Each structure stands twice: as structure tokens, then as C-alpha cells.
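Next come the structures, one after another.
Next come two complexes built around subunit A: one with subunit B, the other with subunit C.
Coming up: the complex of A and B.
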């Protein structure tokens, strides 16, 4: 027994066991079950094998494609907004403009939204973007001379509201990632560059960005996943899973509607499996393209 | 190395087995009694007012049945949350309450398949069955078994803001048919510039009503969707024509039963709301400024219609089959929902039109001058209900297992396409038909 406990060969396995067990119980087993269920029709206490029928229905399902389009569109636009803007803000904070106290306050206030509950934020944004002409966004619109907009009824305006939540909530988090990455870059590089006469912008382009690559790869990867898996923001903004013309419906929202609201768990499992395949396909090809899997050459 | 692998795999296997065993379903247990001999019944509902009502009915039950006292613990969840939680609970067979309120548009989800997770309540209903509107029991029945008890009839009525109408010289009592309704609406709209009726996008009530008056259905007798059948097309076209003429308009919040809409109606922005009778409670609770200014009248009809009105909305209270206290729960529930005294309370506490029709004629109850609903409205709800009583039909599509999907598609897509985006009715309904057939695998 003692020999077993002190065994050097066994120790590493023992230390990673908690992770392996959680991975198995909460990830591999449910994943396997989802695959199985996606080939079944599941009703109370009965599951009938129906082959690939669920996938066939999915393929022909206009609403699924719409949900997928919505999710992809949202994901791409969050990447467009949530990489450059936080990057620029992080560079600003990392520079020697402004006093440290002001920058500290700025950092904190940018980060606070990430600590709030999406549920509360969603409700507040719903009120901000309400239809009545006394709602904040409509007052802003009126100030600029156009007038009450029915924000959550139009496809594009609804998307604007969703992106506003994403921007408000995640700018601070991404900014922190980038800031941490920037502060790990040795100052010698910048000194050397400035001696050579490189402008600030060129330093940013040729020193900061290349050195930040691991951080950028990480942020893009989680943003791709986060964008495609978005659900709660839309659920709260539209006060439920039903938005006009399904304009706010995401893939996860559709999975939820089918599985939980309409009790078609087999079909919902098929949606989940397809989402997993898409997320993995995008992220793995991105990671391969960005060279993450290559052995570090430098 | 071999020994090591064996140990690791055995450990993993042991853990997996324990984890799986923990997920196994448990069998219904024997009834559980508290120390004082009472039984605790847990109940879920999605409306605050319902909770008040059930607590009242639990007290009355305890007075009448001291040997079978219950302790009712009601939990109120938001509408979607409660149904989703229940859906997960019935699928796993764990964490279920003893009694639960299920909204009519969700009910069909819980009686799918050959093995519904709800208790067959036919026997518990037997003593009261003859006095109750059969159509409302049918709504919560499947294959001849009753799985839920109704709360109200939900007959359609029209709520007219008489003050606003008088200003435009309109006498609501002359409005009988949809043509009259349209004519009055156009006149009102031209006179005042304000909206008259409502075309809801997030709730579908008027369209099934008109379809039923035309003698049609959304789903045929074999369960096949037919949302582009002539009657449905005509019903939607009538609504669309009324919208184009200015007699009905969309409303903030998508339907009269939403917070944004309460404000608009309270401000007098909409003069005629055609809605199920239970909408009385929304006026009394949320629109205090209209007290004394609203008259109730029958819903408009299609000329020569056999079915004058149908029940709209509703809640079926059910008992999950795995509840250890299911027998007592069923007995209490029958008392709380179907007995004559329960039906009096449905009107007095909730302001709904009770399913026990004997109550409709009991003038002591219906004409009670102290009743808050009688005080609020200019006309008496039961005078209106008794007028249409013989024309209340059952809209079969409401109790079809696929109704939740149909209703959902209309409320998210079709009604928006037609009333908001101006898609032609036939085109929108053909598209919906194709989508639904694919979604439902028909």
C-alpha cells in the first residue's frame, strides 16, 4: 500500500485524476449521450432509434439555417468589434499618456460590466432599447433627428442592440488580456526601436502585434466559441426565446427551443452535435493556420 | 506498466459506475405525512394571482376535510422558466412538484407519446364532470383520459373604452359582426387618428377565433397541419384588411397582455380590445385610469357563424405521475378547480369566467355589487357570457400535440411577416405550412 502511495510512476496520474474524472463525467459522457440521442426519438421514458432522421430534418430546416446564419453573423461582427477596439484601448493604457490614477479608474470601470449578471444587463438593455419614445435610445435617436426607432423589431437594429451588449460587456475583459500580454513584452525592444528612429505606430505594428500573437490567438479562439454559443444575451434582450421573425434566434437558442420548450430532445441533440462540429472545424483550422500546434521554433 | 493501467482503468470504471448509479430513476414512494398528520403538497405555478387562489382553496379544503389536511407550498416561477423546469423534471423523473399549473399552449408537450408523465385524473373529475364545460376538459384530455383541470372558459369578449368611443360618435352596442367592427374602427380612426382594435404579433387569439367562426381548423382531424387552408387564409386576410383600413393596429409589446400594452391601453390609445374574458383581471390590476369607462360586449362574429366564440388561453392544473402524494393531490385539485365553490372563487378572486356553468346563472354571485370586477366595468361580464353561452365551441387544434409548435411559429414568424412586414397572407401562410411540415416531419 505504502509502495503504491509513494509510487513515482503513479503520482502524475493521481494528480490529473480529478481533471480526468470531471472531463469524463461532465464532458465525454454527455457528449457521447448527445451523439446517441441525436439518432433517437426521445419521449418520456422511451427512446426509439431512428437513424439519421433528425439530421435529415435539420438539413431541410429553414429556421435552423437562419439560426446558424444569425450566430455566424454575430460571431464575425463581435470579432470585428472586440479585437481592434480593446487592442487600441490596451495600447492607450499601456502608453505613458495620462496619470496612473485615471488609467486605474478607467481599467476598473471597463472591467466592471464583466462582473455583472447577463440577466440583469439584458433586462436593462431591453428597457434602453424599448419601443416607446421615452426609452433612452429613442431619446438619443431623437436628439440626432431621427425618430422613435422600434429597435427590437427590426433585424438590423436588433443586431445593433445585441452587439451593444457584447461590446459593453466584453471590451474590458479583452482589454485586460491584451494589456497583460503587452506588459510581458520586454521594454528593450521599444528602446532599441526608438533609437533606430521607429515611430510609435511602427513600434505598435512591428513589436507589439507580433509579440501579442499568442494572446490574440487565444482571444480569437474564445471569441469564436463565445460568439457561436451566444444564447443568454438574446434570451434576455427579447424577454424569451421568441424574437420577431426569429431575428435574435441563435443555434443554442434553437437547441433550447427544440429540446426544452418543445420536448424534442433527439432533434435538439442533433443541433448540438452540428454546433460542436462547426465550432471545432473553425477553431482547429484557425489554430493550425496560426501555427499554434507547431513546435515553438524561436 | 500493465498493473498501473489496470488500476487506473478500474478506478475510472468504478467512478463511472457510481456516477451512473446516482443518475438512476427512483420509483414512486409511499405517501409522506407530517408530524401533525397533514400532508405537504408542493405546487408550481407561473402566475401570482393563481397562487393566492390555490392557497385560499387549500384552506377551504382543510376546513371541510380535517382528516386529510394538506399544507400547500406554492412556488411561483416566471412563465417560461416554470415550463422549462417542468420539462426537464418530467424527463428525468426527479425534482417534480405534487401539483403543477401548465399553460394551455404548453400542455400538449406533456402528454406526448404513449406514456405521459402526468396522472390520469378522470376518476377524480367524475363527481363534478357534468357541471363543467366539456370543451375545456377536452383541452387537457388525450385518448379519453383527463390529464389536467381547467381554470376558466376564456370565452372571447370585447372591451370597449366607451369614453373614447363617445367622443367619436360610436355606439358599441351596434357592433355585432366583424364588418361592423371594421366600419366602426375606420370611422374611429379617421375621427381621432388613434388606433381602435389590436392586431397582436406575439399572441395568437383572434386568428383562431375567426377561423373557428368560419368553420375551419389549423390542424385537421388526422393531426396534419393545414395552416394554408381556405378558412385560415380568409381569417388572416380579414385581419389584414382591417389593419390596412385602419381598424386594427399593432401594439407596443406585441399583444394587449404585456406591460407596454397596459400602459398604452390605460392612456386610451386603443379603444376596443377583443380578448378572452379573463382579461378583466388585467384591467382591474393594471389600468386603474379606465375604471368606470370600460364596457364588456360579445366578441364580433362572422355573419351566420355557428360557433360564436371559443375558449382562448387557459391553464390546466395537473399532477405528475411520480408524486408520492398523487391520490390526495388529485382529490384536492378536483375540489380546488371543479367544485361549485371553487368556481365561485374563480370569479371572486381571479375575475375569470368559471368552467362550472351553474355559477354563471347564480345572480347572487355574478351581480354582487361589492365585487371589484363589477365595480370596475360598466356592464356585467355574465350578461355577456350568458348571451353567447350556446355558441361556445371547442377549437380542436388547441389540444393537438403539435399545437405548441404551430402557435410558436405563428407568434415568432408568421404574424410578424403579415402585420409588420406586409408579406401577402397567402404567401406567408404557404411558407409557414412548408416550415411546419418539415419541422414536424409531416
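Coming up: the complex of A and C.
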């Protein structure tokens, strides 16, 4: 025992043991189980092997394709909005003009939404995008000259509401990521560039962006993950997993509907496996392409 | 992080000097106006819910959240309701507090323990396992929820707080953050401990843990916020209403046939207050904690 406590060779394994156990019990086993269940029909605890039937059903399932389309659409749009906007804001804050106090107030105000739970955010946005002409978004609509909109009834307007939640909650956080990355860039780079006569915009393109790459890689990765796995925002906005014509249904929402609500565990597992393959494929290829693994492993 | 602040100061010092010389430029004015306007837009949803807490609940549901309210109709009735007749609300509050404190304490201890192994030792399979940590960070929990849910039911652990916390004690993000922090601690401390005959674990608990307070604070805040707001996994695990947490309880009030909309609005608002107070007090740690993953090296 005493030898164990003092062994420099064995100690690291003891230290990482909790992670190894967690990995095995709560990740590898459930994931393996997910693969197995996806080849079974699970009824009242009785599992029958049915090969790839669930995947075939999935392939022909119109609603699954719709859910996948909704998730992909949401992911792409959040990437389009939640990378450039926070990046520009971070650059704006990082510039050495303007009052530090206003910048502080701005940072705090943008960050506060990230502290709200998705439940509270959903309740608030559901009521901001309410159908009544007095609701905030309809007053904004009226200001721009179009009448009360039934936001959550229409596909596109419902998507606008979902994106509004995403923008509200994550702009500040992504901005802080980029800001932290920018502040780690040595100021000499910029000084050298200004001596060479490079404009601010060129400095941003040729110094800030390349040096920010690890941060950008990270933010893109978590955004892909968050976008494709989005469920709760829609679940709260539509006060449940049902939206008009399934316009708010996402892949995880479908998984939840099939697995938890309809107890069709085999089929739902197939949905999960497909989602896992998509997310991992996108993320791993992105991380490999950007050289992140090589750097971390070194 | 200390380095960042150092640069922060270096960067703002010349700016202040420049302002004193010339006064704010047009660009600075435009920037300031833009920032203030965006900050206010960002605060609208919170202001809206604050206004909602003074209104009749059914009215808020009917008219939506709005600033277009008749001042005469505003009242403190909802606040009275919250503190006198809010049914299980404060039970949810206490449950969430208990779960958050327990889970955060567990996560910090377990994750720091694991991170120490990764940061301070060389061993053959280290790279492999660390890549696993990175991979786990990119697997959405939503994908695991179904098999995990089945597994928890089989293990007979459903409806317990233990199982809400257990899968997340060795948290990949927290491990990653602590590892970065430990890498910055001089290895001489370890050697000194070994010379003095302290065991490997003694070195961790007695020599290293006490000097990781700033990292602990950042991760306590990040994990505390995540636990306080945690919804999906507890929603699947918890069955008994007396065990509900705040997000789960609030969600039960959001039904089309509810008659508890007053409690829904003020309850939602009130659930924000602890996190908001913590944020105002420890802003730096919040930002450091949440942005932890993105700042490498």
C-alpha cells in the first residue's frame, strides 16, 4: 500500500482513473449499447435483433429528413451569425479607442444572457414573440410597417425566433472567446505592421485572424456541436416537442420523441447513431484539417 | 490569465493618454453609441421579464411580454404571492441549491485530481487518454441521453440526485482547464515534496490543491452556473415532484391550461437572481471560466 502511494510510475494511472471509469461506464458502454439497440426492436424490455431495419425505416422516414434538415439549417445559420458578429464586436472592443467604462458595461450586458437557463430564455422569448400586437417583437414589426406577425406559426418566422434566442445567449460568450484570443496576440505584431503602413483592416485580416485560429477552431467546433444537437431552445419556445408542421423539430427532438415519448428505443437509437456519426465526422475532419490534434498531442 | 490582464493594462494606458490629449474622437463617439445601443438591446428580454413580474400573469400570457403597460395596473401582488403562497417553489429552489453545491464540489475535486495526472506525469498511454478527453468534449450529451437513460433505469438509479451528478464529475472541460493551470506550476514543488517524504497523493492534496484557488474559483462559477441551469438530464432522471429542481419545476408551470402564470413569470425572474448576483460579484471568474476552453497555451 505504502509503495503504491509513493510510486511515481503508478500514480498517474490512479489520478486519471476517475476519468477512465467515467469514460467506460458513462460513455463507451452507453454508446455501444446505442449501436446494439439500433439493430433491435425493443418492446416492453424485450429486444429482438432486426439487423438494419431501423436504419432502413429511418432512410424512408420523411419526418426524420425534415428534422435533419431543420438541424442542419439551424447549425449553418448559427455559424453564419455567431462567428462574424462576435468577431467584429471583439475587434471593436479590443481597439484602443473609446471609453473603458462603456466597454465594460457592454461586455457585462452581452454576457448576462448566457447566465439564463434555457427554460427562462424560452419562456421569455415565447412571450416576446407572442401573437398579440402588443408583444415586443410585434411592436418592432409595427414600427417597420408590417402588421402583427404570428411568429411561432410560420416556418421562417419561427426560425427567426430560434435564431434570436441563439444570438441573444451566445453573442456575448463568443465575443469573450475572441477577445481573450485577441489579447493574447503580442502588440509588437501590430506595431511592426503600422510602421510598415498596414491599415487597421489589413492588420485585422493578416495579424488578428491568423493568430486567432485556435480560438476560431474551438468556437466553430462547439457551434457545430451545439447547432446540430439543438433541442431545448425549440422545446421551450414551442412549449413542448410539437410545433406546427414540425417546423421546430430537430434531430435530437425526434430522438426524444421516438425514444422517450413513444418508447421506440431501437428506432430512436438509430437516430442517435446517425447524429453521432454526422457530428463526429464534421468535428474530427475539421479538427484534423486545422491541425488541432497534432498540436495537443505534441 | 494574469498575463492577459497585464496586456490589458499595457493596452489601455496609451489609449487613456491619447484621450486626455485630444478628447474623444468621432470614431470613439460612434463606437460608444453603438455599444450602448447593443447593450440595451441585449438587456431587453431581462427588462421585459422584470416588467412582467409586476403584471397580472394571465395578462402577460395574453398580451405577450411588452413595455406597453398601463402603469396603474402594475402591482406587487406577484411578489406577495411568491413569498406567501408559492407552493413548491422554494422547495425547488432549495433542491437546486443542494444539488448545485454537491455537484460542483464533486466536479472540482474529481476533475482537478484527473487533470493533475495529465499535467504532472509522463506515462505511456497519456496522449491516447488525453485525446479521449478532447473527444468527449465534442460528443453532444444529447446523443448519449437515451442509452444513458436506459442504463440508469436498469441500474435502479433513476430519480436520484446521485445519478444527475455522477456522469459529469470527471468533466472534460474542467479537466482541460485544470490541466492548463497545473502545467504552469513549477515541478520543483513536487520534487521538494518527494524529498520530504510526502506521498504522490499527499503532494496533490497538501501542496498543489491549496495554491489552485483562482482556477477553483473560475471552475466553481462555471460549473455552478451549468448545474443551476441544468435541465435535460434532470428532466429525464427525476420522477418525484418533491425532488424537482428549479428549471424542471418552472417548466411544469408552462402549460396551456395553467392557472399559475404569475408564479411562472416571477419564479423565472427570481431564479436568475442568485446567478446574477454572483456574476456581478465575480465577473472576472465567470468570463475566465466560460472562455476557458478557447484560450490555449
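Convention: the second predicted complex is superposed on the first by the 292 of 298 C-alpha atoms of A that agree within 3 Å, B and C clash if a C-alpha of one lies under 4 Å from a C-alpha of the other, contacts with A are read in each partner's own complex, and residues count from 1 in each chain.
Here is the rule we go by: contacts are C-beta pairs under 8 Å (C-beta built on N, C-alpha and C of every residue); 3 or more make two chains touch, one makes a residue touch a chain.
Owing to the predicted nature of the structure, the values given are computational and were not obtained by experimental measurement.
Of the two partner chains placed by the overlay, only subunit B lies in contact with A:46; subunit C stays clear of it. Once chain A of one complex is fitted onto chain A of the other, the partner contacts of A:205 are absent, as it touches neither subunit B nor subunit C.
By the document's definition of touching, neither partner reaches A:281: not subunit B, not subunit C. Once the two complexes are laid over each other on the shared chain, residue contacts for A:246 go to subunit B alone; subunit C is not touched. When the shared chain is aligned, subunit B comes close enough to touch A:153, but subunit C does not. In the superposed model, A:131 lies in contact with both subunit B and subunit C. By the document's definition of touching, both partners, subunit B and subunit C, reach A:20.
In the superposition on chain A, contact is made by A:265 with both subunit B and subunit C. Here subunit B and subunit C are compared by how many residues of subunit A each touches, and C touches more. Of the two partner chains placed by the overlay, only subunit C lies in contact with A:180; subunit B stays clear of it.
Residues 9, 13, 20-21, 25, 29, 130-132, 260, 265 of subunit A are contacted both by subunit B in one complex and by subunit C in the other.
Taken together, the subunit A residues at the contact with subunit C in this complex read 5-9, 11-16, 18-23, 25-27, 29-31, 33-34, 37, 89, 92-93, 95-100, 102-103, 105-121, 123-125, 127-132, 134-136, 138-139, 168, 171-173, 176-177, 180-181, 183-184, 187, 214-215, 218-219, 221-222, 225-226, 228-229, 231-232, 236, 239, 252, 255-256, 259-260, 265, 268-269, 272, 275-276, 279-280, 283-284, 287, 293, 296-297.
Note for the complex: subunit A touches subunit B at residues 9-10, 13, 17, 20-21, 24-25, 29, 42-46, 53, 57, 60-63, 130-132, 153, 240-246, 249, 257, 260-263, 265. Subunit B contributes residues 4, 7-8, 11-12, 15-16, 19, 80, 83-84, 87-88, 90-91, 93, 109-110, 112-117, 201-202, 252-254, 260, 263, 404-405, 408, 411-413, 416-417, 420-421, 435, 438-439, 441 to its touches with subunit A in the complex. In the complex of the two chains, the subunit C residues touching subunit A come out as 3-4, 7-8, 10-12, 14-16, 18-19, 24-25, 27-28, 31-32, 34-36, 38-40, 42-46, 48-49, 52, 60-68, 110, 113-114, 116-118, 120-123, 126-127, 129-134, 136, 138-151, 166-167, 169-170, 175, 194, 199-202, 204, 225, 228-229, 231-232, 236, 246-247, 250-251, 254-256, 264-265, 268-269, 271-272, 275-276, 279, 283, 286-287, 290-291, 293-297.
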